[in-house]
Each structure stands twice: as structure tokens, then as C-alpha cells.
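Presented sequentially are two complexes of subunit A, the first with subunit B as partner and the second with subunit C.
For the complex of A and B:
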């Protein structure tokens, strides 16, 4: 899947923030924005939906805690009961620390691997750099051109008012830039 | 300018009325149920002192971390420290009124568990002098921290390194004195029992109650006017995160104390939980966990609820109620007995606590400007995104 995009490069975060607002007002679809550091308020300006990663984290944590409680109950009270200090087989307090650790472990790993899967990251993947300076001193905004009503000249003229440094048309291929 | 705000003034009157009614009712019930009235008084006074102290701890932590996010609402923890002097006086009066509850060697030496250090430590004069000294140190440090902040409003000078240095010293002293204070004033009600988790358990409760009070105070002052446009949802969000974190910390500490005692199963340790779980206190002990962890944890977990002022206020109330129940479970089974009682003295104590606490908080808040207007981090704090 390939698509035509317009890259606009800025040298200040405020220019990028204002440009994002103006671009969205015109109904142009924003593919993504690349910044050297986390720009406060950018996700709000871009109208990004809240990440669902927190739900993955919560569900993994619950699975870890409840699954480990069930497993401990099975081992300690059903499969192979061992008398520890004269306590009853199904002693909940002794199960809690391990269940807690399992919840933390699964929630942590679950979130990280879910993030990797969603962003299609894996070891050995070659870096997909949109602009050589996007991790240095430039703020890059990527806009979707595939809409028939997209008028490159007028968009570029509008971006001029936000001190755009350069604009560039490009065809993105593959899923890495989505 | 603050002092003229009509809604604050009318609230101060209401708080004064509520506190006075509570004080009178508690005074009357002291003649009918002396034990219950005293237990309620101890819980209320300790509650007041910990919130006041917690305000100073919050300021000190922020100073040490070089934090800037809290500057916009810094006057609220500063106003909380105004609870310390009166709360401390009440606490000293309460301790002094029935000192025999703490001094255990009046049974005569040679009791089981007696040894010279314990007798020296719980000697009445040393006990009272220590309480006085602890409260004095806390008042002194909170005064210095607040004074430096107020002075900055006029002069614009405020060396963050000096404040951070004072705060480091204060936090170190606080860690020791507050652990000992918790042991002295509450754990020593049962002098034969001991727990090395006690100091940190008290600290977790202090932080939770303080954060809940900061949330309540900020939200109230935002709707009443003075903090409008200053206290933002982003500040509320971060306070919510801290509250969630300290709620989990409280549960962690509570369970650590419980599990170690449950596991080793030694009679001189287990009788603490025996008294609170094999008696009609069991539902209250479980309610304590529900109020302090289960409800805050599941409600505060999603992001939108931490940014919602209605939800945050309700959770702050639940947490403060939980703190009261937590203190009740520590104190009442020893002083009052096996049966959890609920009636006039308890309601009177809560009315006194809420009325006096709000009155002192509003009084110290209205003394100065409602924002540290010359703090260099004020702009950053007011444009803060979380």
C-alpha cells in the first residue's frame, strides 16, 4: 500500500502546533508528526484518540494476578498439598506476594510486547527515518495527499504563514509509516 | 483580597459552628463515656497533626525534587501546615489527660516483656517531653518552609538550593520523629505488642490523607473563586496519580505487616489481629481495606476519572473516611473494647475534626496571596501538561 504525502518541516514546536491546528481545520488528514522530543499538547492538537494500551496493561495484570492465584491454589491445595507451618492448604495470604509479582510481570511485559506488535517493531528492524533531522532539530508534519480535494499549492502557501522550513512531496510505501 | 471573598467567609462561619458543636458534644460525652470520648479525641487530634505535617512533607518533597508542577497550588499544602499548632496542642492535651494508658510500668516492674529500655522510654515525663519536642520541631520546620515561600512574594528572592537543603534536613528528621511518634502515641497503647512496619504504615496513611486534603482544598477553592484558572485539570490528574500510588503503597504496607505476623504466628504478635479480626471488628477491618485501597484503586485507574473533579472529590472523601476508619481500628479495640460502637462521640469527633480542620485551613489560606506570585516556576506550573 503506498500513498502520496506532503512533508512539512518546521524549526520550532509552536510552528508545528499552530500548523497542525490549521491543517486540521481545513479537513486535511494528518498521517503523523515526528519531533525530536515529546511536544506537550501535540496529541491533543492532532486529535489523537486515547491509547488502548492501558486496557492491555490492565487485562494482563488481572490475568497475571487471578491466574497465579488459581495456579497456587491448585498446586498448594489440590495437586500436591504440603504442610507449611501448620497453615491450612488454601492459605490466601501466602499466595498474595506471588500473585502480585505475576500481575506486575504480566502487565509490564504485556504492555511492552503489545506496543511492539502494534508499532510493528522487532529486533533487527531497519530504522524508518522520515527526515534526517527529525531526531535532531526539525519538527516534521506528514499530511495525506490522496484526497482529490488536496491542493498542494494552497496548502504550501498556508504553511508559509507558520514559517515552514521546507516542504516535500513523497510517496510512502509499506506499512511502516502508517 | 482573599479575606473578603464572601463564600470563604460564610464557609469559615459554618466550619466554626460545626467544630464548636462537635467540641461541645464531645465534651458532654466525655462525662458519659470517658473511654470512647478519649479514643475519639486521640484519633481526631492525631488526624489533624498528620494532615498538617503532611502538608510540610509535601512541600519538602517538592523542594528536594526541584518540582515545578505544584507551584500554582502550593499555597494549599502551605495552608495545611496551619493545622499543626492547634492540632499539636489538642494532641498534647489528649495525651496528658490519660497518660496512664501509655505508661505501662505502673503495674510494677517484673511484668513479662519488661526491660530497662522500655521502662525508660515509656516513662511519663520522657514520653510527654518527647511528644512536645516532636510537635515543636515539626511546627518549626513547617514555619520556615512557609515563611520562605511567603517572603518570596515580596522580595522575589528564593534560593531553591537553600529551601532544598532545609527540606532534606526536615525529611530526615521527619522520618525518625514521625516513626517514633506513631509508635509512642498509638502503638504504645498496647505496650506488649510491636511491629517494625508501624512507622512506614503511619507514613503511608499520612500521605494518603494529605493528598486527599490537597485535592479537596484545591477543588473547593477553584469552585469558590480564588484558584479559578490557576488550579488546572492537569494538576488534579497528577494529584490523582499520587493518590493512586500511595493507596497501593498503603495496601502494600498493610499487607506486609499482616502477612509477616500471620506467617510467623507468634502469640505476642498475633493478638493485635486477633483483637481486630476474631471479634465484631472484622467487618470494620475489611471495610478499612475497601475504603483505602479497593475503591481508590479501581476508580482512579482510568485516566478520565483522575481528571474529573466530581470523581476526585468523592474519592478524596472516601480516602479521608478510610483514614478515620484506619485510625479507629488501631485505637478503638484497645481503648473501647471488643464491640465497635458508633454514636454521639464518634459523630461529634468527626464534626470537630472536619470543622476545626476546615477553619484552620481557610484561616491560613486567607492570610496571604493565593499563588506564589514571584516564584520563577509559576508560569511553568500554569502551562503544565501532564
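For the complex of A and C:
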């Protein structure tokens, strides 16, 4: 699936933020935006939902903690009980530190790998770089032109009021951009 | 009335903006976004200078010396060390605790200061995280060789085995340490790498087609700066910071429990966890300062790691130093107050016994010298801060030496009292660990951006550059 888009390039985060608000007000669909750093407030301006990766982190952490507690209980009290300094076989307080470390380890790796999975990041992937400077000093806004009411000339005129550096029409191929 | 309004707006803008006159700017020199990219990438894109080669060759020689020493003691046995029946822990565990501690400031700067929204951390977090990684690597070597039969190190892991299965002892703090240190190493590595991904993409996009571009393409995982990815990325970064913060406290708490859960006077105290954590961060900050004061000069990054950054780290170091000083005092008070003659003897012996030179070196370097940092002119004088940081490093190494050796050398039975002189093999191993640390750090400065480019750009709120249109409007008006 390919679609026609309008690329607008800005040189400052505030220009992009203001442009996003104005573009959304006009009812134009924003395909994506590409920035060299995380622009605070942009996800809100674009109406993106909060990431659900926090849940992945929580669940992985719980699996780590409970799994390790169960394993410690099984090894120390069931599989081969050993008397260590007269402590009870299943001494819960001494199981806590390792369970905590396991929780942190699983939660950390779980959330990072979940990020890689949902954002489709993997070693060796060739990046769809939208603009040669989008990782340096350019903020790129990609708008969907497929709507019949999209008037390129008037949108470009509006973007000029936000100090747009350049605009370009392009056809994006593949569904990967949305 | 309009004047009042203007004043209010100007004041609000001044508060909101990091470039205001109320706060010193994070990046000096009126840099644009491209300047930031160029300046930070420059050291890794040009050929290394003579100074780098000299430092690298010295570090590499020390590393080779260390490898030879470790090989010799593994082949021969740890009888090559100066330990004896009374003093069973010496250089090995001192160096282990020293290196783990160095790592802690990296996590403090990258995770704790991130949660506290301290924007200035962006100038130093990348190199501090790298430092953490290398310091934990150095630390890991010592318990491994301390085992004697290093080739059986995997016995520390709980895996089904042909010995029963006989499982590891989950009630032992030494085993907790295995999990704590390995988790710390892995999470620090992941945190560091996740932080690097956007910057690796920046370097990739700058590189000319060739091997360099291929390598950076591979490791930047196809990052393209999409706002959706940034949104998830920021969430995960926050989660990792939230996980690393309790982790860093747990690691040195567990290290301190290696001592505190034993019944040796001088070790068996409840103050150890907070005392060790504060000491760890203290020594780590000293190491960050030592490295950054040199690196900003050598790598031309003076506009990014400014005297303001050094001053803020100095203040953190001073506060940690005061906590450590308080802990030294509390230890003495508790020994006196305990009514336990063994406990009282250990502390009297520490300050006045045959190892008092080590004790007073520690107190001078960790408590007295950092007090100079109360003065602003000292904090802003980089050579002085550098000297203080080096002295704190020395003092913190001696702290671990004092805790371990001075507590052991005169135990309950006077007939078994002894003293400890490290052997050449132990000294070579210690020196070798510095070789490993600096070799890794120097290589890191060459192959990855030493400052987090994307984070600096996001935090510094750089002014709009080349704003020709508004200038024209103003002049027309």
C-alpha cells in the first residue's frame, strides 16, 4: 500500500509543535513525525496514547520475583533441604535479595525487548530515514494527502507561518510508516 | 499595567528557559543543533592524537601486566598472595569493593538524577554509564580469582548438576552478591546501550558509505527518530531508570552484607548498608570528576562539560563525603556505646594501632580534604577539584582496606595476630585492573559518542539559529 504524503521540515522544536497543533485543527491526518531528540509534549500534541510497555515491565518483574521465590523455596526446602546455621529451611527473608535481583533483571530485559519488538527494531535493520538531517537538526512532519479535501497550496501557506524550512510531496510505499 | 505584564512574561520565560540568566546555560558557546552533533562526533571521526596514543599504550601495558599476573596466580594458586590464616581477605576483596563502588556514581547520574529531572546530567551520563560498566567488569575479576579454582566459577549458578543436584546456598550473602553483581552488570549494559541507540543512528546518518556506516547501521537497529518510537523509548528509559535506582542501592547493600552478616568485630554492624552506598557514590563521583576533567580538555568538549557541571558534581561529592564522615563517627560511637570490649578494641586499634597510617590516610582524604569544596572558588577551580577527586579515590580505596585488613589483623586470640603485606602478584593484579578500566574507557571515547547527543539537544533548549526572517522583520519595523 502506498500513499501520497506531504513532508514539512522545521528547524526548531517549537515550530514543529505549533505546526502539529494547527495541522490537527484543520483535520489533516498526521502520518508521523521524525525528530533528532525526544521533543517533550509532541506525543500529547499528536494525540498519541501512553505506551503500555509499563505493563510489560510490571508483569516481567512479578514473574521474576515470584518465580525466583518459588525456585528458592523448592531448592532450599524441598529438593535438598540443608541446615544452614540453624535457620529454617524455608527462610523467607534470606530469599528476598535474590528474588529482587531477578525481578529487576527480568523487568529490565523484558521492557527493552518489548520496545524492540513493538517498534520493530533489530540489529542490521536498514532504517527508513525520512530526511538526511532528521537525526541531526531537522524536525520532519509527515501529513497524509490522500484525503480529497487536502489542499496542498493552502497547507503550505499555513506552514510558512511556522517557519517551515522546506516542503516536499512524496509517495510512501509500504504500511510500515503508520 | 502593560509594563507589569511584560515583566511577568519575561520573568516566566526566564524561569522556563535553561538559557536564561537565572540559570547558567547547560551548553555554552551559542551552539546550534548541528554544532552539538559535530562537536560530539568530532573526536570519534578524526584520527586519535598523540596524547590518546600515549594514554592508550600505557593503559594497554598495564592491562597486559594484569593479564600475566592473573594467569600466573591461576596456574600457580593463590598461595602467591600475601594472605595468611588470620588475614583471609586482603587486596582481592578491597579491590572488588573499590571497583563496585566506582560504578555506582554512573547509575546515580544516569538513573537517580534522571528521576529527579536534573537536566545537567546529560553532559556526563554517557561516560559515567560507560565507567560503571567497565568498573563492574574490573570488580568481577577479583571474586573470580579469589575462588582459587576459577575454572569452576559456574558452580555459583543454580543449575541441575551431577552432584545431587546440590543447589547453591540462597541463604548466603556471598551468593546474593553473585546475583546482585551480574544483574547490575547486565542492567547497566542494557541501560547504556538503549541510551546509545539514537546517537548511533545520528553517527550512521553522518557516515559516508563504507564499513563505518555498516557497523553503525547494524547497532542502531534501524532507528529513524519516529515520534511513536520516541514515545515508547522514553517510557522504557524511565522504567530502566526506575529499576536501576533501587538496584544500585541493593548492590552495595548486599556487598556490605558480605561483611555485616559475619561476626567479626568491626564488620558486624547495622550501619554498613547506608554507609557503603554513600561511600560507593562518593568514590564514583570522584572517578567521574577525574575522568571528565581530563576528557573535556582532551576531546574539546569544554562547552558541554562546563565548570557549572563540575561544580554540581563537586557539591554532590561534598554531601556524600559528609555522610561518609558521619558514618565514621557513628561507627566509633556505637563501638564505645556497645560495651563490647572486642568491638571497642577494634576501633581503638584502627585509629591508634599498627595500621593507623591507613586509617588516617582514609580520614584525611575522605573527610578533611573534601571540606574545601564548601568554597565556591575551589569548586570552580578545575585543577583543585581534580586533585581533590584523586585524593578521594585514594581515600576510598583505603577505606575498604581499613575495613577489611584492620578488622582482621588482630582478632579474638592475640596469639594469632598477624600483619599483611601484599605480594607483587597482588599489586600487579590491582594495577592491571586500572589498565583494563582505562583501556576500555579510551576505546569507548573513540568508538561511541562520549556525550549523549540526543539528550543534550533535548535538555539544553538551544536558541533558534539562523532566524533570518524574524531579524528582517525587526529591522523593517
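Everything below uses one rule, namely that the second predicted complex is superposed on the first by the 175 of 178 C-alpha atoms of A that agree within 3 Å, B and C clash if a C-alpha of one lies under 4 Å from a C-alpha of the other, contacts with A are read in each partner's own complex, and residues count from 1 in each chain.
Criterion: a contact is a pair of C-beta atoms (placed from the backbone, for glycine too) under 8 Å apart; a residue touches a chain by one contact, two chains touch by 3 or more.
Note that this is a predicted model, so its numbers are computed, not measured.
Trainee: Check subunit A with both subunit B and subunit C modelled on it and let me know: fit or clash.
Mentor: Taken together on subunit A, subunit C would clash with subunit B, as the superposition shows.
Trainee: Between subunit B (first) and subunit C (second), which, if any, makes contact with A:41: first, second, both or neither?
Mentor: The first partner, subunit B, only.
Trainee: On the A-aligned overlay, A:161 touches which partner chain: subunit B = first, subunit C = second, or both, or neither?
Mentor: neither
Trainee: Applying the document's definition of touch, where does A:90 land relative to subunit B and subunit C: first, second, both, or neither?
Mentor: Neither partner.
Trainee: Would you sort A:147 into first (subunit B), second (subunit C), both or neither based on which partner it touches?
Mentor: A:147 sits against neither subunit B nor subunit C.
Trainee: Counting residues of subunit A touched by each partner, does subunit B or subunit C come out ahead?
Mentor: Comparing touch counts on subunit A for subunit B and subunit C gives C.
Trainee: In the overlaid three-chain picture, which partner chain does A:54 touch, first (subunit B) or second (subunit C), both, or neither?
Mentor: both
Trainee: Looking at A:115 after the superposition, I want to know if it touches subunit B, subunit C, both of them or none. Which is it: first, second, both, neither?
Mentor: The second partner, subunit C, only.
Trainee: Could you name the one stretch of subunit B listed in 9-17, 135-143 or 171-179 that collides with subunit C in the superposition?
Mentor: So the stretch of subunit B colliding with subunit C after superposition is 171-179.
Trainee: Where on subunit A do the contacts from subunit B and from subunit C line up?
Mentor: Overlap of subunit B and subunit C footprints on subunit A: residues 40, 50, 54, 85, 94, 97.
Trainee: Going by the contact rule set out above, which residues of subunit A touch subunit C in the complex?
Mentor: 11-12, 14, 32-40, 42-43, 46, 48, 50-51, 53-54, 57, 61, 71-72, 75-76, 79-80, 82, 84-85, 87, 91, 94-95, 97-98, 100-102, 104-105, 107-109, 111-112, 114-116, 118-130, 132-137, 163
Trainee: Using the touch rule from the top, collect the residues of subunit C that touch subunit A in their complex.
Mentor: It is residues 32-34, 37, 158, 164-173, 175-176, 179-180, 183, 186-187, 190-191, 194, 197-198, 201-202, 204-206, 217-236, 239-240, 243-244, 246-247, 250, 254, 257, 453-455, 457-458, 464-467, 469 of subunit C that touch subunit A.
Trainee: Within the complex, which stretch of subunit B touches subunit A?
Mentor: Subunit B residues touching subunit A: 255, 258-259, 262-263, 265, 301-303, 385.
Trainee: Across the complex, what residues on subunit A touch subunit B?
Mentor: 40-41, 50, 54, 58, 85-86, 93-94, 96-97
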